[in-house]
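For reference, the structure is listed below as structure tokens.
Chains here go by letter, A, B, C and D, matching the order in which they are written, and residues are numbered from 1 within each.
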């Protein structure tokens, strides 16, 4: 992932790659030596918060891809950035398509309140549902409540095999498929009288994150605070 | 459904509709009076077995669409038909496509052992998974055992919302979606190294059963026994 | 379609069906006699403009589903409505999902400029592509131009069978499938580095138009002009 | 592709990788020196025929992935293999799923004669339709003729944008999508009264060919002739 970002970012106009850091490097010194404007961190979740602090303290802008920073720590980082009028971005998902699907799903549920989610991932994934599916369900549920719409009642009174109707996250059923041949896909299906509408996202390679990371590197220069989530930039 | 069959069958070359029976009619007398070769019964499951007996006794061939006859009663009907060299067909599903999908799914699993089922039905359906999905899972599981292939181990060790990974029917996960805008759909997804293969069936109207019923009416004339399942005719 | 609207609208709270008109009826007299607030017209395209004039002159609000009114006639109707501060709606498509897909497609193309359209209709449809697909392509193309994005160059240099790459409508390739078993479906597929995002709409019955017609009847009461397109109400 | 095969085949039980050849190597000498049973050739189409001759003459069995050998040359290779009772396999496509879809499509068309093909490939592909789609269409067309079924008449009488209805290969319409984010996908859609049935294949990585190549290496040992097409081994 890091290697992939290195070659992709190097090829983008307006972006110059000044240094690559590996574990053990003095990040702060590198930022000073190379006068880095932005530092992209796609490494270990447990290091993300500490790295963010280092990056900000050294005068650069963090672009961090992780789900691993606690909410209270994000707030601390935001306070710090705001006081220095420094831009930053932390995103659990750098896929522009995945983020747009969430945004649209939350918009669609106001018109079409009956909705379920299918997410399909490779057969090495240990957790279910995916973080993206949970986030999508939460955004849908919140938007439905704001529009004062009720979640439709599940018609099922007889479940022959428990679990058939999926896992309910905030009243949104999520169905998790685990098969080789998928990387990461998600479908959000809305049903209405006589018709259905689906949003489907298929990732086939980690390259899918590169345009989002690039966008973040470009836009973070104009920000004066740290934002959470790629959707804030779209 | 009966009404739909009446108009469809009437329009088929080689088939003549000689009579329509409603509840309370003397089925035996109608068969004799109109010299019916075949009787199509799409009515109440609880009447299906008794109707089949009446049809056979009156000298006609039953074409019955139901999931409601007990296995032991089917065997009795088969014995009766065989002794009279009379054809008959009882099918839980008269959709040719649905039946072909099951047949192909059982064939595919020998080459691609990792498989899950998604079935999508309207929001009035009370049971889950659908009968078709359960039958498909059973056929897949049986074929996999015959080929001495193991079902792949579920990688999930952390299920955030119980049920996310579906209901397991004979080691095949089934995911049941219930939304308005669907009538009856099913997708059987096989995953393998770097690729997936899906079989998808969408029904949008009960018309979908008509070609299968027509085929049964035509083919039952040449049978000398009662067969269970439309797949026997394909 | 008319019959379907009659039963659906009758069942909606806040809507009272006061009269049904058939060809030959004096529409103006009916509106006066029954003090109709709104008149729904789903009939012949060639009558739509004249009917709209009659409805407005009689003091009611037109809700008209047609693609058959010429642009100059729509402008005349809009002028008339505006001068009387009367609401009205004319829509080529009353499916809320179809309209939302167009809206989202136009929004998505700003982030994901590479896009193609597949539309799938029943095998009685004589024209290709569908009106909805053409409208979608035009909206996409317009949004792409506004965002100053170029349509991606078609990589095809060798077309073994002419037509394989679809029909190009304003630089957007459209692929039209005609098969029994479909009513009306459309998929808009966006491709990007390592991922794709699709919007898919499936209609399985003309019921799909009913929620949109209902919405139009409700909202037209608060309008003071005639709007074209259901999207104006969403 | 070659590199990928090297690591995959090395890891398979029952297969021992004895040598890797690059352009310029003396293939014949390598086969003798390392006593190779099987030679896998995934290189340049123009070299495939000559390589096959060399491999057979040196006493090994060729497993060749190419679409580039002329029919008359395949016949020559088959004659040679038969006279030496030597196994061999030449396949235009080593994806087991792609091959199974073709086989099933040819079977399905006997029951469901109305069919169209959509193929979706990356935006670097220069030819359309794909070789796989053309082969699929030819197999469908041949099976339809054998079953004495007519191709359904295209209902389209008005094509607003030429090409919308696809390219017709032997009466089967093919629709070719070219977008980034796809590697190679194909959907074969069958339509019937009130229902549709689709076969869909998605490749996301060249790994997809590895199980087919492995199967070929294993099975070629028991063959006594050269077969064309992976389907012969399934």
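Everything that follows uses one rule, which is that a residue touches a chain if its C-beta (ideal position, glycine included) is under 8 Å from a C-beta of that chain, and two chains touch if they have at least 3 such contacts.
None of the values given here were measured: they were computed from a predicted structure.
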Check: Looking at B-C and C-D, which one has the bigger number of contacting C-beta pairs?
Finding: C-D
Next item on the list: Taking each chain's centre as the mean of its C-alpha atoms, give the chain farthest from chain A.
Entry: B
Item checked: Fraction-based call for chain D against chain A, same above half, different below -> same
Check: Given a C-alpha superposition of chain A onto chain B, how large is the rotation in degrees, taken in steps of 5?
Finding: 180
Checklist line | Rounded Å distance between chain C and chain D, as computed from the means of their C-alpha atoms | finding: 43
Note to self: Need the CA-centroid distance for the pair chain B / chain C, whole Å please.
What the structure shows: 38
Check: Listing for chain C: what residues touch at least two other chains?
Finding: 181-182, 190, 192-196, 202, 204-205, 208
Checklist line | Residue numbers on chain B that touch chain D, as the complex places them | finding: 95-98, 100-101, 104, 108, 111-112, 190, 192-211, 234
Check: Across the complex, what residues on chain D touch chain C?
Finding: 114-116, 118, 120, 123-129, 134, 152, 154-169, 173-182, 189-196
Notebook entry, point to check: Along chain C, where are the residues that touch chain B in the complex?
Noted result: 181-183, 202, 204-205, 208
